[in-house]
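Step one of this worksheet: look at the structure below.
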Amino acid sequence: MPQWKRQLHEVIYEADTPLGKIFDIGLLIVIIISVALVMMESVDTLLDKYAREFYIAEWIITIIFTIEYILRIISINKPKRYIFSFYGIVDLLSTLPSYIGFIFGGANLLFAIRALRLLRVFRVLKITRYIGESRRLMLALRNSRAKILVFLFAVVIICIIAGTLMHLIEGETGGFDNIPLSIYWCIVTLTTVGFGDIAPVTPLGRFIASFIMITGYGIIAVPTGIVTSEYGRATDKPIRNTQVCPNCNETRHLDNAQFCHRCGYLLNE
Amino acid sequence: MPQWKRQLHEVIYEADTPLGKIFDIGLLIVIIISVALVMMESVDTLLDKYAREFYIAEWIITIIFTIEYILRIISINKPKRYIFSFYGIVDLLSTLPSYIGFIFGGANLLFAIRALRLLRVFRVLKITRYIGESRRLMLALRNSRAKILVFLFAVVIICIIAGTLMHLIEGETGGFDNIPLSIYWCIVTLTTVGFGDIAPVTPLGRFIASFIMITGYGIIAVPTGIVTSEYGRATDKPIRNTQVCPNCNETRHLDNAQFCHRCGYLLNE
Amino acid sequence: MPQWKRQLHEVIYEADTPLGKIFDIGLLIVIIISVALVMMESVDTLLDKYAREFYIAEWIITIIFTIEYILRIISINKPKRYIFSFYGIVDLLSTLPSYIGFIFGGANLLFAIRALRLLRVFRVLKITRYIGESRRLMLALRNSRAKILVFLFAVVIICIIAGTLMHLIEGETGGFDNIPLSIYWCIVTLTTVGFGDIAPVTPLGRFIASFIMITGYGIIAVPTGIVTSEYGRATDKPIRNTQVCPNCNETRHLDNAQFCHRCGYLLNE
Amino acid sequence: MPQWKRQLHEVIYEADTPLGKIFDIGLLIVIIISVALVMMESVDTLLDKYAREFYIAEWIITIIFTIEYILRIISINKPKRYIFSFYGIVDLLSTLPSYIGFIFGGANLLFAIRALRLLRVFRVLKITRYIGESRRLMLALRNSRAKILVFLFAVVIICIIAGTLMHLIEGETGGFDNIPLSIYWCIVTLTTVGFGDIAPVTPLGRFIASFIMITGYGIIAVPTGIVTSEYGRATDKPIRNTQVCPNCNETRHLDNAQFCHRCGYLLNE
């Protein structure tokens, strides 16, 4: 592996060196700008006024993302491992839609392009990789995932039963036209969101609704109890190391690792 | 007890053997489909379009549930213990309404039948029996049940007092027509649901409402504190054993149990 | 102190003997009926229909409460300690308004009487005295009271600042007519109630509102953390003893107490 | 440092002496009155009626605050450290706007003045300095700040992605006119506020909304778990000492400190 490739890999994939940090921050700024552009384009008044500026900015960002994508492929020994990884696909989907839009452009297709652009938002997710604190959070969440899913499953069942009941009691007077809609209302109520677009009007319906609300208020304690317990158990020392193997792109290495624990490649020369 | 009966019991009531797992998953799929059908039938546009398809699907599911119900009775030594258990009654109520509907069918009775069908939803509850994680959750909830009930009782008393007060302050201007309605509004507010169909309009009413909201926001901590404490105490090893006694249907057995701790029947031959 | 007085005291003030339990349950039922009557009377349609029945029921309940009040005074050595205690005043206020209503009756005064009746609701609070579990809850709440008040005080300050800001940004377009109203809206939003009768409409107002909501969602963790910590520390053995000193009405005694720790009076002969 | 200056410093900046306590309580009352006045002035009906009274009260409060500001500068050795501290700037901004308003007065400027007055509200924040309990709360919050920010950042990202999705699904039928508005709606929903001014109307939109709500209901456990863990670790003995160095205004001193740990100045003569 040539020296320039190794150095490029360190800059692009890691955040330990000054250059690597600058690269990450620069990329973060471009991503935030691109997301802001997608948002602003969706506002009709802004789109009418600055259509040309949006078009130019879109071109510039697309080119930056394309260069970054090519660099990521070049700087790694096994490009397939990057291309078919989650972030590899997200990176491709961040540039491809724009090119498709530019080639098959037209008033009708414009909306569809904007829809594809949405996926670029996922790029922002990469930032969390760089924040050490998030690792411990993720660990606590992963450990309590099964229990939270069981809990949320119970919540959904309560909503299905209560929703069917509310449909029978309220019927169409309160807007509980059908069971799926009533279940939607139950979820809105049990999670204590409470939009108010649908609300019970009969005394019995309101009585049942009170039960649903008190249940929702009482059982919110369950996921909290789980996460608190799991979080207390999670290790105190989050791994802040951002070392990435230039051969196979494995990201989790011990702080004093010299060789990749997965492919045996030398991490630092 | 003949060998085939014992094996049938194992397949139907337990989930330890491959066949038992397949049976449970198959049953789960049928239950989900039947629940989805009840939901879809309640949507008028779908009912008008696919009335015949719904009728046929209903027949098929009813027959499947009937066969399952008969098998459950056959494969157990003391059928009465199953028939009069909670799930036995739920199973009966999952099939009986359909037959009653088919026999005494008619436009007017159709709605009543659909109402009875609701109970089939409860069948879904059985799934939770098969998930090991839920046992520990249930244990923590059961241990903190008394405390949570005391807390919810206090919440209801606060709502009754605050509701009466709001009725006197707001009267009919803000929609607080009578005390039960005002109590309903208080529950909506204290549990932080907040539909907005009823909302205070007088300055004093809004001032009291602010107090109710801040109280609700502050005391939500109480059930959470209880569950967290109890959950931390709950045993770490949930019982994942699904062994069911073929004689008396007792479900809770120690992992290495050879005889039912209740009736002394041999569990595995 | 004569024997009959001591026994009467035990029946009325305590719940350790079978007779005492029957008395408490009977009283509880009467209280619930009286509260239900106050609620039902506030519903106009019910009042028009059953005005006479409500009047008779009111008389019966008032007489029961009056007899109970007299018995409570008779059965204690130092009646003043009961009369001027919190529950003594509540008991008096549960009967007096009815008599005043009956004497100075009239269409106009009817509403005022109903207002006074509200206080009878407080009688229900006495029930919680009889539930052992609530003691530990109260202890945890009392220990964390100071911290929760500091937290709620911080919440109120955030609401005042954010409310003033929202009034300046939104003005009267979004319904933020004046600062008190905007503060009310902030409390509604920060506590995640969200009625929706007032909602920001300007982009900047919505941006600030988003911050308020995320703050409210994030800091709800604070009271929870406090109560969980305090609850874990609260003693595991709640005092279930309902012994009340027949001389001075002191309620908190150790399980094996023979003499009142306050006045030295013999508790059980 | 003259004795009178040292004593004045103790009265104004500290709360250990009886005079210091009286000064703080008096100031607190004036602050509360001034905040109440700002609120009441914003209510049009009150402003029309009591315009002159508000004007006079404003003058009195401004003069009190001015005297306090001058005393604070006089009684300290290094006035610059106070003037450019957070509270020094807040104190200045509490008086300056009133003077500017009085000099450049006029109907049009009246609103702008009121806007500047808002900052006086921040003065209330100083009260929390005097409450010992708040220190431990602040410590727990400061320790969990990084983790809560990571969590809230994740919440914002979820809202951006879900908001874009909802805009594409619902479009303008449900009021999801553009992406920023849809993100605002997502924040309203995920934080379980739920105003209801914007609500999904399409079946698919409601399905996605259900997911957002259940997510919001489930992950509220995360900040709670963090704060509970951190709060449990925070030291049990909050520092109740209000000793302030008369030379450099450092506020955190150990209970038995004789010299300022920062500038070495003698704390008590």
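We call the chains A, B, C and D, going by the order they appear; numbering starts again at 1 in every chain.
Please note the rule applied: a contact is a pair of C-beta atoms (placed from the backbone, for glycine too) under 8 Å apart; a residue touches a chain by one contact, two chains touch by 3 or more.
Listed by chain with UniProt protein names: A, B, C, D = Ion transporter.
Nothing here was measured: the structure is a model prediction, and the numbers come from that model.
Asker: What's the rotation, in steps of 5°, that superposes chain C's Cα atoms on chain D?
Answerer: Here the rotation carrying chain C onto chain D measures out at 90 degrees.
Asker: Would the interface of chain B with chain C count as same or different, where same needs over half of all numbers used to appear in both copies?
Answerer: Since fewer than half of the residue numbers are used by both chains, the interface counts as different.
Asker: Looking at A-D and B-D, which pair shares more C-beta contacts?
Answerer: More contacting C-beta pairs are found at A-D.
Asker: Counting only Cα atoms for the centres, state how far chain A is from chain D in Å.
Answerer: Distance between chain centres, rounded to whole Å: 32 Å.
Asker: Please compute the C-alpha centroid of chain B, do the same for chain D, then give the distance between them in whole Å.
Answerer: 45
Asker: So which bits of chain B are touching at least two other chains?
Answerer: Touching at least two other chains: 151, 180, 192-196, 216, 220, 224-226, 228.
Asker: Applying the document's contact rule, which stretches of chain D touch chain C when the two form their complex?
Answerer: Touch residues, chain D against chain C: 35, 38-40, 42-44, 115, 118, 121-122, 124-125, 128, 131, 133-134, 136-137, 140-141, 148, 151-152, 155-156, 180-181, 184, 187-188, 190-197, 216, 220, 223-228, 230-232.
Asker: Write out the stretch or stretches of chain C touching chain A in their complex.
Answerer: My answer: residues 192-196, 224, 228.
Asker: Which chain D residues qualify as touching chain A in the complex?
Answerer: 146-147, 150-151, 153-154, 157, 160-161, 164-165, 167-168, 177-180, 183, 189, 192-196, 199, 203, 206-207, 209-210, 213-214, 216-222, 224-226, 228-229
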